[in-house]
Amino acid sequence: MIQIDVERKMLTTDGIRKLEVCVEIPQYELVCLFGRSGAGKTTLLRMVSGLFKPDKGIIRIGDRIVFDSSRKINLSPQKRNVGYMFQDFALFPNMSVEENIRFAQGEKDHKAVENLLETFQLIRLRNQSTLKLSGGQKQRVALARAFARKPEVMLLDEPLSSVDMELRLSLQNEILASHQLFQSTTIMVSHDKDEIKRLATRVMRIGKEKVVAFENPTDL
Amino acid sequence: NAQKVRVAAAANLHYALEQIKKQYEHEHPNTTVEITYGASGTLIQQILNGAPFDFFMAADKDFPLKLQAKGATTGPIRTYAFGRLVMWSSETNLSKGLNSVLLPTVKRIAIANPIGAPYGEAAVAVLRKYGLYDNVANKIVWGENISQTAQFAFSGNAEIGFIALSLALAPQMKGKGKYYVIPATMSAPIEQSCVLVKGWERNGEAARFMQYILSAKCNAIWEEYGYTK
Amino acid sequence: MYSEFIETLFVTGKLAVATTILLFIIGLPVSYMLAFARFRLKILLEALISMSMVLPPTVMGYYLLVAFSPQNGFGKFLEHYFDLRLAFTFEGILIASVVFGLPFMIQPLQNGLMSLPESLREVSYTLGKSKTTTFFRVLLPNIKPSIITGIAMTFAHCIGEFGVVLMVGGDIPGVTRMASIAIYDEAQALNYTVANRYSLILFLISFVLLTIIFSVNKRHKV
Amino acid sequence: MIQIDVERKMLTTDGIRKLEVCVEIPQYELVCLFGRSGAGKTTLLRMVSGLFKPDKGIIRIGDRIVFDSSRKINLSPQKRNVGYMFQDFALFPNMSVEENIRFAQGEKDHKAVENLLETFQLIRLRNQSTLKLSGGQKQRVALARAFARKPEVMLLDEPLSSVDMELRLSLQNEILASHQLFQSTTIMVSHDKDEIKRLATRVMRIGKEKVVAFENPTDL
Amino acid sequence: MYSEFIETLFVTGKLAVATTILLFIIGLPVSYMLAFARFRLKILLEALISMSMVLPPTVMGYYLLVAFSPQNGFGKFLEHYFDLRLAFTFEGILIASVVFGLPFMIQPLQNGLMSLPESLREVSYTLGKSKTTTFFRVLLPNIKPSIITGIAMTFAHCIGEFGVVLMVGGDIPGVTRMASIAIYDEAQALNYTVANRYSLILFLISFVLLTIIFSVNKRHKV
């Protein structure tokens, strides 16, 4: 379970406003997060992962409080056991495709690396520098790297925005399969209605009204 | 058993001292003489802070006196040679003696910095004494020490340099220019002194080397390199 | 006594500022070339620029003095055609200190330029901007920390530079005598009270100036 | 008109292969380019803009030959009068949103800058550093900057992949409107079938078979 | 004569290598702190590190000599508790050259670290990697040009360093006499033939070494 009850100021296209989030996500759910560009989706993921500090509030992952402004608790990202795929990938330029994935593993697992390379169609690119990849290839490496960590909570920021339709469908299946296999509670940002309908067990929306609504995926 | 004498010597003693060292080591095969050359000022700063030197040979008398005043010496200060001040030039005609400094072709005159360099002090004194200093003051360039002063003149950037006779006789300078020795009547020879550094007793050889430096055995070498006894 | 030292401070400041400005102007094209141009012998050129640090300053100074001498080719040429002598003049020590300051400016600039993502240059080119415009409006503003480092190192090195300037400048009061030379002289004469006082003054002034240079970095940091 | 007849080697998921392109695009068309991730879409745009040199071939823009390997012609990007929006945006970090757009203009045109800021909903963010923007906001700045140049040829690499549905529709209209206004020949990479159908006057596809096919948008 | 110079080359090499290694080890945490930690007085610390360049080297050397002297606090402490004297020993000049080489190593490293995109650190943290792992496996490998610059500058500066080492080391053959001091001595004695020959040797060796250092940069460039 993830319990988020925080607020944080941001500058948006409507001037400075407060992002208020108050949700509870039951364990093993795959929640799709959507909302306007600049609404605060990335900001929310960064607060959960520990990269942004909320102005105030509380975040609980499972039975651990990872952030509590009133008690001055603020666990570092390392201690939160969260996998996070960045919107802009943030691949390590000094490492090859394979090394990026391998680096993410807690304990070395050769088999898992091979599976990930296979799944994300990166086998032939395994030794390629990540600087020399196409946009969609980078996105796949970032996604594979986040999976390699096998985290309790998985945060995916538009993981499939730059891949073609065919690949997108197959990677959607992959995300579903991994979600079922690792049983990580997942929050995934997506703008694609079909994708949300296919994947989400729940839907979360950051609206202009500064609140977060839960909707049934099929209601979209 | 091997003995070692550690000597701190003024840089311009280089030629003469290397010769004496060779001769001494030949006569005393068990002894090595280790000489560190440097600016007298630097050397005393080091001695005062515990540098492992037994024997200090300065380019004047002031530095040994300063060392003595700080209580870093044992035994008396002894003068081992006298140095002579010369005017040196690669191209200028020095036949007019000291008055050559007034020649219109002379644009720059190199003198060692009087703070700390006795030849510089002597040069300034003699120019003042004969009323020439004010006329040439704006032509003077100051060398950090007597070697640098020689380099100014030797490279041709200063037409005239006031340097030590010993440098004018150095193999590199020889034949590259002419020099005029300032007569002893105009400028007294510069007394060059040496002294044993406190703590030398641990190394009895140092006193023997000092005696050797002062002895007649070295006279020929001193004279060859432009010093008088 | 003090007024003389103040004078050396002015000369030092003049030299340090002039050297830094000149080296910045020289450093821009050179570092650009080293960062982006591809030619054989580039590594050799890079190594060569750092070589001025390797030999003792007074010896380097002596070589420069020989080059400046009216008895030799270059110096003779200057004397003959321009009635110019570089030894023992402010221009002479300025040249010396520019030559010996090269690595302090060029290394950081080159480094900064090389670590910029290539796409910045590329996108500027597709926007129709020339290499020059791209350099001044896109590349330089994005390597501010490197520029600050280059300026601070050059400036500090120039203030402390000593051997080369002493050799080429001839220690002429008000013209080529630097604060560092004055301090050295006093220390050599074992006048430590004076030397310490001078050191303190030079130290404090330099410290304030360097702090200002570095704080520009901080204020503009993204 | 753009005539492209080039080839270039690339490393792909199927190993090293040659990208062969041989197409002619009539003036004022809006061509949508699609193909698998890593197929060579970005490579093609970079060759047209002058950032990549083809191994051999010829590229003609209007009546100017901008590249011809046999005659050793290779015009620099500056001389090709091409606007290019990068897949990874490449915003200038030292400039604000407004300065990025202003920098792109050939001659200063205050009005045009205001219009672009307005159109791309960037008015309130005009003085914001581009490092402090959300993914979708960055994408809009990059797009606005490419338009500010008013080029003869416009190359857009997945210009709308990171914005929400609502904004995407409105920006699609904007791309259409600008295309009609400036009459630039446009090549736009997109993975979205609906988008392609709405915008494209023609469709170009980089297939595995190393050839480029023209299809009618409505046939997709 | 020559064998003596070869000896100084060995001492010089030993000092330069030891200094560079030590400074690299010291430079890593210090530059990390200066690049990422936030604390008041950081700018002052930055300026302070560069201050060793501002005063004349022999004067700085003198201050160090006084600090090392068994008559004063620090030196007395060392002598009393460790029976250690630093002045005129290899350890002494090593300390001196480390202290005065600080800016040459730290400035480039700090610069390199500061120009890395923050997301590299962030993503590594979310992958559960400690700050140390992140530093060694992610940050350092991505600032290779800065590391090369730091190493090359430190190394070159150490070879040419002269005033400080001369003062603290006392020019003892085989122990603290450096190649640069030997060259200086010969030049002072107006032995230009020898000085030039020595300079050439030192120059060539340094040139080859620096070229090797810089070519590592090139080979690994992305």
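We call the chains A, B, C, D and E, going by the order they appear; numbering starts again at 1 in every chain.
Simple rule for what comes next: a residue touches a chain if its C-beta (ideal position, glycine included) is under 8 Å from a C-beta of that chain, and two chains touch if they have at least 3 such contacts.
Since this is a predicted model, take the numbers as computed values, not measurements.
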Task = Would you kindly count the fewest steps from subunit A to subunit E, each step being a jump to a chain that touches the current one?
result = 1
Task = Starting at subunit B, figure out the least number of steps needed to reach subunit E through touching chains.
result = 1
Task = Could you tell me which chains make contact with subunit A and subunit D both?
result = none
Chain pair with the most C-beta contacts = C-E
Task = Return the chain whose centre of C-alpha atoms lies at maximal distance from the corresponding centre of subunit A.
result = B
Query = Among the chains, which is located farthest from subunit E on the basis of C-alpha centroids?
reply = D
Key: Whole-Å gap between the CA centroids of subunit D and subunit E   = 50
Ask   = Could you state the distance in Å from the CA-based centre of subunit C to that of subunit E?
value = 20
Ask   = When the centre of a chain is set as the mean of its C-alpha atoms, what distance in Å lies between subunit B and subunit D?
value = 79
Message = Show the residues in subunit C shared as contacts by 2 or more other chains, in ascending order.
response = 58, 62, 181, 184, 187
Message = Please output the residue numbers of subunit A that touch at least 2 other chains, ranges allowed.
response = 88
Query = Where in subunit B do residues touch two or more other chains at once?
reply = 42, 45, 148, 151
Ask   = Quick one: which chain pairs are touching?
value = A-D, A-E, B-C, B-E, C-D, C-E
Remark   = Counting only contacts in the complex, subunit D reaches subunit C at residues 49-51, 76-78, 80-84, 86, 88, 90, 92-95, 103-104, 106, 129, 131, 145, 149
Request  = Quick one: which bits of subunit E touch subunit A in the complex? Just the residue numbers, please.
outcome  = 117, 119-120, 122-130, 137-138, 141-142, 222
Task = Name, in rising order, each residue of subunit C that touches subunit B in their complex.
result = 58, 62, 65-66, 68-72, 75, 85, 87-88, 166-167, 170-172, 181, 184-190
Note = The answer for subunit E against subunit C in the complex is residues 42-44, 46-48, 50-51, 53-59, 62, 103, 107-108, 111-112, 114-115, 143, 145-146, 149, 152-153, 156-157, 159-160, 162-163, 180-181, 183-184, 187, 195, 199, 202-203, 206-207, 210-211, 213-215, 218, 221
Inquiry  = Quick check: in the complex, which residue numbers of subunit B touch subunit E?
reply    = 11-12, 14-15, 34, 36-38, 42, 45-46, 49-53, 145, 147-148, 150-151, 154, 167, 170, 172-173
